[in-house]
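Next come two complexes built around chain A: one with chain B, the other with chain C.
Let's turn to the complex of A and B:
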């Protein structure tokens, strides 16, 4: 009778996960309100669409720079916080607060921060640099999204790194001290090798989250990722075609392509980073 | 002895079967326009006239009405202004009073994914009356009841509505050859040219005319860009909604005698995105942008428009709700409105907007639903919307111009005029990818990435290909 207790969960998965997945797969081979079968035309249309590939480019561009900045910076900050004897909790909370904030709320605040007369430009001008009309030009708009995503994700990176740092046995450091290792050598030869698992995990989570990027760029650039689709991501493409134009077939095909991309990326990430999952 | 005739037996069986079928046919017959109603003593569904046409007090039953927006059944207080407004219970009470024995139930929803929710509701008969700003999609699936038979039967006077408001919502069902009436308007909307008279005074520039030309706008915007001679602040001549830049160009194109294209359904649609007048219009907006704040394309830099610290003279695309904003900011004597550009021949111009009510073909109470549609055009209904739901609705009936509450707002005269000259039927290309393709390429033109002719040629080619693929 034990399986009776599993039944509600299994039914939930069946109706709310498996069925929508299969229905979306079916829709990806149809077109129009009458859902007429068009074979793989939707997949062909998506894969030959310049807009889709520009959305892929934007997604990768923002994600790569987010990972390049957030992971090393978060790791270094975590090391610094870990070395503090006092106030470490204060800094943990300080850096983690952005991550607890809804991305929609955070992006709304960033619209003000990235305003031509906003605080970021004020800071740039204090440093003697020229102000940037962040969201008005394609390249600076993407960098605005990168700054937002790094700021929002940094706390999460720090918390994961801190958890790992505190799990490294103290004996390693004591033994290396006896052997005459400097703090920098300890960091390079003990800390970093012991952190690889967490850093790999952050890379994979960052990739998956990055490829699914939507809320932040939607808030900054609207439905089309303005200006000139510079903030249009793959999920933005799915959303626009699905809900902006009721092209559920195209949107479903793009969603399955995104699923395959994430699958492939994750597979290679795991292989490259030698993770055991 | 009675001999059984097999033919007679079959005939009797057939008659009995027909009788049984007719008894089981529910209210389908009663729902058909012009049908007689047994409950009414056999007379047709006609009744005493009210201020919106006809009503039938003998109709009974439960009417489910779906509404989209910031509606509340009970009274509520606005969190920002502190103003109290009466809930839509007022409408329910009035309708139930006019039609004793009826009960109105509301299904309220926000604007998020409203088309998908409405589609689901229509297919599952979750309501009788639906608010359908995305009407074309539902009409083409045969999900909405054609209204012309009801209008003809009741001799319902469509002349009560502002010019173009009914035509703007015309749509095509699966068997229609021309756009037909599937809904009646109840929420009005438009875009207007709004300007700050104080900045005009500061610069000594004459105010905009009621219906300015594109040259007049450009000339005056140019004069008012720079350091304000009185305040010493940086002023800008104009601004517009950057994310609607394609609509602005289309409106300028209309002033030059152009149009978006022709046809209504994808299979018969031809687009005119790369005509010489469209190219000239894009170049016009490109030139106008030099008199706008730097962030205009992403709607930055014009945040103070309508308040006392404003530094922009003209807004090419302001929503009519600006009358509420200037009331809240205490600047209602400072801002004036002008009409959008219009086509020199047909006198129409600007994107049609708002919301209508329609009856679902799955509705189980179509007669009562039709009464609700007429009720929504009544002075009672429209005045309630104006007084209590002004932030999300403008009147759609001509008589609103005579209300004291409308007369006391000087800008309302222009708003009602503008709503009467919007391009109708709506731009149907905005229901699909051509809308986004045009917007993307217009943004590229305004960013200086491509010349106007090249960008619009690309928009035309991509959109035409997409339209062709829909066949």
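Let's turn to the complex of A and C:
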């Protein structure tokens, strides 16, 4: 009886989660169209491939800096927005707009923003700095991707921080101001400790999302993550090997490695949520 | 010395100005996109030095965008897929959430853990078998691979379960006493009460479907089936940084509807996003 209620979900899980997961595991031990069993060869190949490790490095590099910039900046902006009464909703909406747009559209605009003759370089020149040909050097291309992802993700960070800020009991602030605490002291001793849960949550969500980075770097750097594979990410590796080269075995092995890494972080995420609930 | 209310007002003014300045930077890419798209000279290359007010104002680029119906077609596809995705994922999430909230059946705990576990599996791990499965069924380049997987919505199910959990149990008992069966109770007593959570699920599902990229990229090549992100991606891949004006006009037109939807429903959308983020993605 109750199983009828669950039928759509269970069928979906069976066909679109359990089966693909097992099939992916099987494929990761095979090679070629004839799906010849090769043991752990695919895993060894992936783990000894320079291209794969470079993709891992790029993924981590872009994601770490995305988090380092977006989370503190978003947190501070959320605190500032929260301190305003009247216009706080306006700013909330304003800062969230980039996050509503698809990454593909955002990246298309950023290809132009990062263009050698684009506004970012123009601003740099006005500030007396040198022009950067963003998407033609490995390091600057990664920084282009970081700027894009911070811009796109900032609104999400602000929304999560604001939701938590508004949940901090106002009595804490009232009691401390009776004791003569300054605004800055209140921020340091009340706001920040109460926000640690949300900030950790954002770190983990951002990290899991960052490991799955694809659309933005694909738009900026194409299938191979040009220039010089500097925008090639782990998902890009899976995509290129799987659909560019029809190497399902290699791609599945890489996908399983990604899965195991993400599993660890999701485990922490669930622990964290349990802790909060 | 300033009185504390005056100082407060001054601080607020400074904060407002600061936020406005940063807000301008956040919104600048969109404004610049519109400015480039309206510039006649930007049809081939970017205008240099970057300027805000077009030198030669013209709708030329928009004319090109609307010249063939490709963009409208992509819109139609995206809209259709988003609606089906929303309907299917809400239906399955509410049904499943209700069962896990009110039902008592064998294996409930295990099945609920199984649902939660699906949230841990990244889509990329399932990507290749999902592709080969639909390929074997001959369904590549049809709408089915984009429609069918939307039946699982684990986060939606969890949110729906938590929503049902807080509805009073008395509702069910009185319906039972009136002789209503489980399905009747669900459809006539509980579903009508799910307005707020349905809105949240709809918003999240719509955003997910509308912005999805890698899966449509894998299963759709046909020009007639392309969604808006696919259409935009293939256009900019073909043209690189030439045709800057047309690309920007196209991007502007691709963003416009979602921006309008956002402006109308911002309160609900922001609340849904906050809820989904705090409950775990």
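Convention: the second predicted complex is superposed on the first by the 264 of 277 C-alpha atoms of A that agree within 3 Å, B and C clash if a C-alpha of one lies under 4 Å from a C-alpha of the other, contacts with A are read in each partner's own complex, and residues count from 1 in each chain.
We adopt the following convention: a residue touches a chain if its C-beta (ideal position, glycine included) is under 8 Å from a C-beta of that chain, and two chains touch if they have at least 3 such contacts.
Remember, predicted model here, so these are calculated numbers, not experimental data.
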{"item": "Which superposed partner A:212 touches (first chain B, second chain C, both, neither)", "value": "second"}
{"item": "Touching partner for A:23 - first (chain B), second (chain C), both, neither", "value": "second"}
{"item": "Contacts of A:46 with chain B and chain C, given as first, second, both or neither", "value": "neither"}
{"item": "First (chain B), second (chain C), both or neither touched by A:32", "value": "first"}
{"item": "Partner, of chain C and chain B, that touches more residues belonging to chain A", "value": "C"}
{"item": "Which of chain B and chain C A:195 touches, first, second, both or neither", "value": "neither"}
{"item": "Touching partner for A:229 - first (chain B), second (chain C), both, neither", "value": "first"}
{"item": "First, second, both or neither for A:77, with chain B first and chain C second", "value": "second"}
{"item": "Partner chain(s) touched by A:138 [first = chain B, second = chain C, both, neither]", "value": "first"}
{"item": "Chain B versus chain C as contact partner of A:246, first or second or both or neither", "value": "first"}
{"item": "Common ground on chain A, meaning residues reached by chain C in one complex and by chain B in the other", "value": "115, 222, 243"}
{"item": "Footprint of chain B on chain A - complex, ascending", "value": "31-33, 45, 51, 115-116, 133, 135-138, 141, 221-224, 226-229, 240-241, 243-247"}
{"item": "Footprint of chain A on chain B - complex, ascending", "value": "113, 115-116, 137, 140-141, 242-243, 293-298, 300-301, 431-433, 435-436, 439-440, 443-444, 447, 449, 469-470"}
{"item": "Of all residues in chain A, those that touch chain C in their complex", "value": "1-3, 5-6, 8-13, 15-17, 19-21, 23-24, 27, 77, 80-81, 83-84, 87, 91-106, 108-113, 115, 117-119, 122, 151, 154-156, 159-160, 162-164, 198, 201, 205, 208-209, 211-212, 214-215, 218-219, 222, 235, 238-239, 242-243, 248, 251-252, 255-256, 258-259, 262-263, 266-267, 269-270, 273"}
{"item": "Interface residues, chain C side, partner chain A - complex", "value": "11-12, 15-16, 18-19, 22-23, 26-30, 32-33, 36, 45-46, 48-50, 88, 91-93, 95-96, 98-100, 103-105, 108, 111, 114-116, 118-133, 148-149, 151-152, 157, 182, 186, 207, 210-211, 213-214, 218, 228-229, 232-233, 236-237, 241, 244, 247-248, 251, 254-255, 258-259, 262-263, 266, 269-270, 273-274, 277-281"}
